[in-house]
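There are two complexes below, and they share chain A, which is joined by chain B in the first and by chain C in the second.
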Partner chain A sequence: MSAKIRSVLKSYAFLRLIRAIVIIIVVVSISFFIVRLMPGNPVDLYIVYLETTYSMPYQQAKAMAAAIFGVNLNEPLYKQYIEYMINVFRGNLGRSMFMNGMPVIKIIAQYLPWTVFTVGTGLLISFIFGILIGMAIAYRRGGILDSTITILSSILNSVPNYIIAMLLIIIFGDYLGVVPFSMLRGAYSSNVIPGWNIPFIMSVIQHAIFPIFTYVITTIGGWILLMRGSTISVLGEDYITVARARGLPESKIMTTYVGRNAILPIFTNFTIAVAFIFGGSVLVESIFVYPGIGLRLLQAINQRDYPVMQGIFLIITIAVIAANYLADVLYGLLDPRIRVR
Partner chain B sequence: MARASLRKTYGKALSRTKENLVEAFHALVEDKLAMSGLIILVVFVLMGLIGPFFIPPPTPSPNIYAPPSLQHPFGTDFQGEDIFAKIVYGTTSMLIIAFVTGIFITIIAVLLGSIAGYLGGYVDNVIMGFADILLAIPQLPLFLILAVLVKFLDIVSLALLISALSWPTAARAFRSQFLSLKERDFVEASRLLGFNSLEIIVYDLIPNILPYILINVVLNAVYAIYIVTSLAYLGIIPFESNNWGIMLYQAWAFGTIYNKRTFMYIMAPIGAIVFLQLGLLLFSRALEVIFNPRVRTGE
Partner chain C sequence: MSNSELILSIRNLTVKYRSRRGYVNALRNINLDIYRNEALGIVGESGSGKTTLALAIIRQLPNNARIVSGSIIFYDDGNKVDLLTMNYDEFRRYLWEKIAFVPQGAMNSLNPVLKIKDHFTETVKAHNPDASKEEIVRKAREVLKVTLLDPDRVLNSYPHQLSGGMKQRVMISLALILNPAIIIMDEPTSSLDVVSQKIILQNLKDIMRMFNVTIIVITHDIGVVAEVANRVVVMYAGKIMEVGDVESIFYNALHPYTQGLLKAVPKLRGEAELYSIPGEPPDLVNPPSGCSFHPRCPFAMDICTINEPSLKEVNRGHLVACFKYETR
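Then we have the complex of A and B:
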């Protein structure tokens, strides 16, 4: 093996990729065994349902259930498991029990972009502004601005996201009446034609403002508090004193010495934040009737549409793991110490 | 020997607490935020404990969607039940589930965090590997799907399920605390005296992070309220008829936002949830003021 290949295999980004793939495999396995092995599991229930409701013979019901869930019920369990794994990685997540057996992957392709758009934008805005505000108040610690923002952040950090969403609708839509209700529901107005035209894009942005605002408000407090604490501890380090003694301009110290070092410990919290915000999309999207993956998951749960439930759950988890992998790689770029082991 | 050491450790802590109690109390009175947290929490606890003895249970009546009045401070809901009474009756179960879940999560987190942090190596890798997997799975969708597959029967089984899946964040924090504590001199001394790992964890390490453990219980209770009200709002836990989340769902679903007369119908559960969360958060600050002298003196 050449030295170059060996260094790639030992590199930080590669090790993190392996880790992400392992976590995905574990989650897919858990999801398979929950659906297949639980007493009264969905596959058996569906067979019974077909037998009783449509008085289908057992063999036919079994064949239909196998087609819907994307498993071969006549094989031994371990073969079903391997087949299911291969199917998942090829993007075959089974078919919906309703909607004329529409493939789950097609449903996901239809709903996922909306969630990725709102959740991703919300996460970025909240992260960037949280970092900047946290750093700014750390420089002015002890002042009136610092204590006000710190208290406000911990309050915002504790108010549930569905309550922020409801309050936004109650205050802006109902009490002040400044925003029409139609703008607080759905992803775009019914009078525009989807496509790359100005009215459609404007409508999409208008409808996304409030969900994004909800995500930002509920997560920014956490970033502010973390960054404040991290910056204060960095400011106490000797190398900052040395940099000041060397007469470096304060702006350079702030960006390359303080900022870069203070952001690093915060990346560890990215996992929790991404999972939290994606999980919260179920609530926020149901309140704004926003056609994202969270709302679709809720519909699938209410209909007991197990293949769709399972598929969306997997996709959300994989999205979280992928976002974390990106954060990990970025972390590696920012911190040269961990790039090479 | 171990028992004598235990008595010594806790006895010392107790006498120190007695000495500092007056000082801590003064600090608490001066810290307005911490004090208001304490007051909010006391109000909720009183409401949950003795409220049901004074306020009649909510019963359906023909007087539906009534505006706030002396008889019905927050008005009545879609089936004529008094909203204030529903809030009071929901407090008891909310406090129980918040603290039971908070305590369960903290116990699991301290156990796993201390084992991982103190023993390190292979055990640490396995526990933290589990934590990584659980952290990558969004909790709310997971609970929604589990709720379809398993039937939640009562508060305690729900609390157990939440804590079985929500320990990783707290466990990580405890692990890093143990990692830094185990390098300290007094732990080294105990090790030289021949105490085993379990004794060192129980007698040396845990007493040192006791305040931190208590604060963690409160913060986990805040998280438990979020999850439980969310699940109730989404209609997943049907055994809780007076749950604030279910009230919120009913107020939202029956279109009260379009009717200014029933403004309090939706604002009452929102206010209850926000105030309890806020009270708990500020109460955790009060605990910090009481237990951590550095916070008291302003660092």
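Then we have the complex of A and C:
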């Protein structure tokens, strides 16, 4: 084996990758056994449901349930488990118990992009502006601007996002009556053709703007407070005084010295926030009736649509683990002190 | 030394810090002349204003500090400039190029996310944007060798990969990169092991010989002063108590506070009991009336509690602020 391959196998990134995969396998296994071993096993319940509602014979109902859950009910449990795992790694997450047995992976592919778009845009906007504002007020520490924004941020940070969502609807939809929220249900209006055309893009933006605004308003306070605290502590460091004593221009000190070091501890929070993009926001999406993964998850829970629930949970888990993995690897690039050779 | 050429002349410098309890009188009416190519030691206990003095010279006082009065005249090849009144953009040119500063605990003086090499290039580029990278690295190797560091290893390291002593030496090298006229060092040896201390002190003497530089060493360790300084300033409660060359301070200390400081140094042989100056350092929000040292002074007279003694020359180049030497 060449030295290069050996060094890759020993590298931190590789070891972390192995760990991430193991965690995903454990999570998938747990979700399999929970569904199969729960009292009131949903597979059995579904068979009974098919038998009673459609007066299906038992064998047919059982075969249908097996197809829906992606398991072979005639096999012993361990064989079902192995088959299920193979299916998951092939991307086959079973089918919905409703919606004419639509494959779960298709459902996710249909709903997830809207959530990634809205929550992701909201996260980026609030992160970038939060960082800039936080840093700006840290430089003016103790001033009127600083105290005003700090108090405002604490308030915004403690208001749940569904309250803001409802307030927006009440103020703009009812009180001012300027926004027809009932027309803004869905991801885009029904009179436009999906594709790269201006009416469609405009419609998408119109439908997404209130969810995005809600996410920005409710998360920006947190970023401001974090960055403010972090910047203040970095500004007290000796290397900042020395950088000034070295005659470096203030713009350079602000970026390479203050900014870069202040953002390091916040980067971890950022990657965790990225992971939650995939979980979506169940409440905000339900309030605006925005067809994201959060809204779909809520429907699945209400319908006890286990394969869909399982599939969405799996996606969330993988996203969190992948984000943590990425955070670890990227953090090493940003901060030489925790770079592992 | 007193017949040498002046390089820095501090006049009536008074600095206060705003605090919850009121104004802290960190520096009170400081008058001090510093000469070209001398090694000046500033000694005093914590809170005596040593570091404030250094930060005032490089205009890096914290935001809650206020320079109430005074001037700091820098003699730059025949020109006199007041460092305190010139605009800051202009002053930035003087920073590091004329006056370099190595702070206390140099372990935290380097940006943790930058390599040592980048510290050198950024510093030089800030003052001379046209400098080539090769030129800077060549010069950096030179100054790193002066402090006995291995340039190949150090230049490509991050700060956390170096020991405390090495970081301190990197800072001294960095201070030399622009050939400054003055290097101010705040506690250059504190928090280092004795071997690193010895290397650094030995180094400072070589540097002075090689670089034609004025060194101001701020320390509470009177041993460091004995090792490197040729003139000594003793500070107490934001005031200068005594100034003199190193021999007169060590063998003929005039001020009772200096005498106490010298007695408080542990000796290898002799009395087992270590002397310490009785009493507590004064509260600088409400400094004692008269001479700040009178509550702790074994020779205090009535006048000491009422009037403040001013710095007077007693012997040639040996100044002291004490009424003991004024009554004649």
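What to note about this one:
Just so it is clear, the second predicted complex is superposed on the first by the 299 of 341 C-alpha atoms of A that agree within 3 Å, B and C clash if a C-alpha of one lies under 4 Å from a C-alpha of the other, contacts with A are read in each partner's own complex, and residues count from 1 in each chain.
Keep in mind that, in the parts below, a residue touches a chain if its C-beta (ideal position, glycine included) is under 8 Å from a C-beta of that chain, and two chains touch if they have at least 3 such contacts.
Here the structure is a predicted model, which means the values were calculated and not measured.
By the touch criterion defined above, A:R90 lies against neither chain B nor chain C after alignment on the C-alpha atoms of chain A. Touched residues of chain A, counted separately for chain B and chain C, are more numerous for B. Contact with chain C, but none with chain B, is seen for A:Y239 once the two complexes are overlaid on the shared chain.
In the superposition on chain A, A:P336 contacts chain C only, with no contact to chain B. Once the two complexes are overlaid on the shared chain, A:P249 sits against chain C while remaining clear of chain B. In the superposed model, A:N261 lies in contact with chain C only, and not with chain B. Judged by the touch definition given at the top, the superposed model places A:K4 against neither chain B nor chain C. In the superposition on chain A, contact of A:L297 is made with chain B only, not with chain C.
Chain B meets chain A in the complex at residues 33, 132-133, 135-142, 144-145, 148-150, 169, 222, 226, 229-230, 233-234, 248, 252, 257-258, 260, 266-267, 270, 273-274, 277-278, 280-281.
Contact residues on chain A toward chain B in their complex (touch as defined above): 19, 23, 26-27, 34, 38, 41-42, 151, 154-155, 157-160, 162-163, 166-167, 169-170, 173-175, 271-272, 275-276, 278-280, 282-283, 286-287, 294, 297-298, 301, 304, 309-310, 312-313, 316-317, 320-321, 324. In the complex of the two chains, the chain C residues touching chain A come out as 58, 60, 92-97, 100-101, 103-106, 108-114, 122-123, 126-127, 158, 160, 171, 174.
Chain A meets chain C in the complex at residues 237-239, 241-249, 252, 256-257, 260-261, 264, 334-337.
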